[in-house]
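Below you'll find the structures, each written out as structure tokens.
Each of the two complexes below includes subunit A, the first together with subunit B, the second together with subunit C.
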Partner chain A sequence: MAIQVSGITKQFGHYRALDQVDLEVRSGELLALLGPSGSGKTTLLRIMAGLESADSGSLQLHGEEALGLSPRERQVGFVFQHYALFRHMTVFDNVAFGLKVRPRAQRFGRSEIKRRVMELLELVQLAHFADRYPAQLSGGQRQRVALARALAIEPKVLLLDEPFGALDAKVRKELRRWLRKLHDDIHITSVFVTHDQEEALELADRVVVMSQGRIEQVGSPADVYDHPASAFVYEFLGQVNRFDCTVADGVARVANGALAIPTENGVQGEAIAYVRPHDLGLSPSAGGPGRVSGIHVVGPDARVEVDLAGLTLEAEMDRERLSFLGLRPGDRCAVHIDRARVFPRR
Partner chain B sequence: MVAASSTDDAALPSSGGTVLSVLKKPSVIPGFGLTMGFTLAYLGLIVLLPLAALAVKAAGLGWAGFWNAVLTPRVLAAFEISFGLSLLAAAINAVFGFVVAWVLVRYRFPGAKIVDALVDLPFALPTAVAGIALSALYAPNGWIGQLLMDWFGLKVAFTPLGIAIALTFIGLPFVVRTVQPILQDLPPEEEEAAASLGATRWQSFRRVVFPSLFPALLTGFALAFARGVGEYGSVIFIAGNMPGVSEIVPLLIVIKLEQYDYAGAAAVATLMLAASFLLLLILNLLQAWMRSRHAR
Partner chain C sequence: MLAKTSGQRPALDDRSWVRGLLILSALAFLLLFLVLPLVSVFVEAFRRGVGAYWDALIEPDALSAIHLTLIVAAIAVPLNLVFGVAASWCISKFDFRGKGLLITLIDLPFSVSPVISGIIYVLLFGLHGVVGPFLKSQGIQIIFAVPGLVLATIFVTFPFVARELIPLMQEQGTEEEEAALVLGASGWQTFWRVTLPNIKWGLMYGVLLCNARAMGEFGAVSVVSGHIRGETNTMPLHVEILYNEYNFVAAFSVASVLAMLALVTLVAKTALEWRFGAELAATRH
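Showing the complex of A and B:
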């Protein structure tokens, strides 16, 4: 186990940022901490790095108790959302920083430092920018410098705080793929914080979904998406139709019985049902209970809004399917739901 | 130097039009012509005109007459005292002003606002009042002067040391007020990054924080120095004003005026102006060079 978090609690004034959090990070994995702002994910990451203190609990880095250690004793690489490069240093000096500040006895010679820095700049594909200053680089390049700088100290774990948060959409996507590839090459235990579910699901080996200082669910991307453990996770991950229902004898009745959906778990009575838009099937039917109220085509996909006895549902399908069905706004249709998760109403 | 500065003055108004068209680059911000014209007219009227008049007056002496008026042991000694002690005082202020700014920004303590306001007092106090107060304190029979005399045999008031103290007093706010806002805006992430990369507190200060503040510190130093060179009121009370030992250039100019040696006074003033301008220009260029390396 690379990182073991047990019962970490952190309070800011009256606000509880982390509430008895337990988490294990496995060696060599790429783990995402995913949650809305204020869910405590960044606080947890900063506690791991030693940039924030915990009120109680324990933190082990490679089996060693680390809460009492200062950031510089933890040998943790940290990458900041806004890069935090040293503005007055060249790219080379930024990356060399961690090597140059070592105690004299552990410090490499000049030529060895140069060799290592150039090797890292090669790795992040910025070798020919060694003499530039951070202000002369684009956002994506700066973040790669920041990454090289963090890797220079040969950290045991790499922590990234919203590493793509300050970049525009296209660069973000490129850098995300690039980071995944880098991780596949060097296999350093990494934890990154993000509020972007797509980023977490695409990049991470495992995803930790957080809300209000607690961990809601830990699992593989497919796991948390397909089998959300709580209503919060369902709503947070991906688009979802959410509606009130009444469950009796394993069947959820929606909108005064206009729709009946079979359920698996043994929830009874008043409940909330969740259905992903792509799990919602439509078919043209003159006497159907639904009415198509709008169609939005986004690239290759189509989103169809359906009015069902006062409820607005959203279905998602590809454009071919839509033209096959021949649905137009105003048409009546039947609604089929194969899968729905039902949670008791709180 | 005088010749150079007077031709510059003469050349400016006539070449203003071409300078304008050369400097102007396409910009979305309107009003370049108006504001640039106003700036030039304003600076010309407020700054250049009096200085030009000074240079013209000095030019009345002729080239040889000018150097005769200026290259006397008394004048040169005064220059040495004025510029040397102003540099010394600015350097002292750079060190301790930096500490004051650091404390004001980095620590929360009761009375911080009062300390913050105290820093500006040397700006507001009439310099003569400061000079009299300081000389009373540091005179051989004053509170501090007496102790220094008894313990170290050190005479402060009415010596160059006294001048340095007066110049330090009036220059302090410049360093504090230039460093403070930059320190305030320094993102904490850079220091956090340094710490997580293994830097000690001292390494992170020396390699990360200080270099970011250095341009501002240099500005403060330059301002404190410029203020010191031009200072008159506070110095003459504490200096003792012995020619060749503790006589500053501004005082020498006044003495020449009182002797109706207007041209001589203008000559000394012109040389002083040129020397100050040169030093400030060097400091500004140094700073521009540093900023250009990590502008953002």
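Showing the complex of A and C:
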């Protein structure tokens, strides 16, 4: 176990940022802390780095209790959302910083520092930019410098706080593929914070979904997407149709029985049902209960909005399927739902 | 030409007319209130020739005044540099109770009349003051002596460095310092290698302003000085005495030295901005 978080609690005034959080990070994995803003994910990451203190609980880094250690003693790499590069230093000096500030006895010679820095700059494909200043680089390049700088101290774990948050959509996508590849090459235990579900699902080995200072679910990307453990995770991850229903004998009745859906778990009574748009099937039917109220085509996909007894449902399919069905706005249709997750209404 | 443009584009023409007027009035204002007085200082100083000018400067009382001014500035400015950096470091990098109060207190010397600043020290350290009698029994004199001048100058010039640095450091935030700490730097290493280089131009600017004010301060210093010729007269005080004695050439000669100090400060500031403009902009963003 690379990082073991047990019972960590953190309070800012009256606001509880973290509430008894337990988490294990396995050696060599790339873990995502995913949640909306205010969920405590960044606080948790900063506590791991020692940039924030915990009120109670314990944190072990590679089996060693770390809460009492200062950031400099923890030997973690930290990458900031806004890079936090030293603006008055060149790219080379930024990366060399962690090596130059070591106590004299542990410090490498000048040529060894140079060798290591250039090696890292090769790794992040920025060797030609060694003499540039951060202000002369693009956002993606700056974040790669920040990564090289964090790796220079040979950290035991790498912590990244919204590493792609300040980048535009295209660069963000490129950089995250590149980071995944880099991680596959060097296998350093890494934890990154994000509020972007797509980023977490695409990049991480495991995803930790957080909300209001608590962990809602931990699992592989497929796991948390296909089997959300709570209503929160269902709503937070991906698009979802949400409607009130009454469950009796494993069947959820929606809108006074206009729709009946088999349910998986043993919830009874008043509940909320969740159905992913691509789990919602449509077929043309002159006497069907639904009515197509809108069709939006986005690239290869089509989103179809259906009115059903006062509810608006959204179905997602590819364009070929849509043209095969021949549905148009105003058409009546039948709605098939194979499965729904229901959670008791609070 | 005028008829043509005013016929086609009256709005633009209007604007350029207004612009011309504004520029002219600004220039006239500058000339009247800045250039003319400055020139007149030098004209008056050299009215009886270079010899008289020089004599007024090397006269013992004048030399002593220049000497004293330099000493006061040499003590007050470095101290305010340290105070200023420490205060802005506290205010911009840490959160604590009473921060707003501290910021207000730092601004106090700007909002209080310098005369009052001087009187505060007289009330504290004067013979009839709070701690004056005790100090007197110990053989320490503060008021009507150099320590009083230094104290008053420090008080009056306190805000310059801090005021320059606080917004700059607040804007720069704490992320770079955090990055340095995580990378293994100690507190001192972080300060010397990260914080200080990021604020050095702002700091230099603050020190220049602080120095200009320390040398030119009149009000507070006048109250605590006692005007003892050759002993507790700084240059501004010396100028006043000479002027009151109708010794205009000498008064303006000493004044011209002060004016030159101000000019040197301005030139140094402009040179800094010109030479390191790009870097200044880089550390601000």
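Just so it is clear, the second predicted complex is superposed on the first by the 346 of 346 C-alpha atoms of A that agree within 3 Å, B and C clash if a C-alpha of one lies under 4 Å from a C-alpha of the other, contacts with A are read in each partner's own complex, and residues count from 1 in each chain.
The definition used in the following text is that a contact is a pair of C-beta atoms (placed from the backbone, for glycine too) under 8 Å apart; a residue touches a chain by one contact, two chains touch by 3 or more.
As the structure is a prediction and not an experimental result, all values here were calculated from the model.
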When subunit B and subunit C are modelled together on subunit A, clash or fit: clash
Touched partner set for A:Phe78, first subunit B, second subunit C, both or neither: both
Subunit B versus subunit C as contact partner of A:Val233, first or second or both or neither: neither
Touched partner set for A:Ile153, first subunit B, second subunit C, both or neither: both
Subunit B versus subunit C as contact partner of A:Ala135, first or second or both or neither: both
First, second, both or neither for A:Gly98, with subunit B first and subunit C second: both
Doubly contacted residues of subunit A, that is, touched by subunit B and again by subunit C: 49-51, 70-72, 74-78, 80, 82, 84-88, 97-98, 101-102, 133, 135, 149-150, 152-153
Footprint of subunit A on subunit C - complex, ascending: 175-176, 178-186, 189, 193-194, 197-198, 279, 282-283, 285
In the complex, subunit A residues that touch subunit B: 49-51, 70-72, 74-78, 80, 82, 84-89, 97-98, 101-102, 133-135, 146, 149-150, 152-153
Subunit A to subunit C touching residues, read off their complex: 49-51, 70-72, 74-78, 80, 82, 84-88, 97-98, 101-102, 133, 135, 149-150, 152-153
Complex interface listing, subunit B residues touching subunit A: 187, 189-190, 192-200, 203, 207-208, 211-212, 290, 293-296
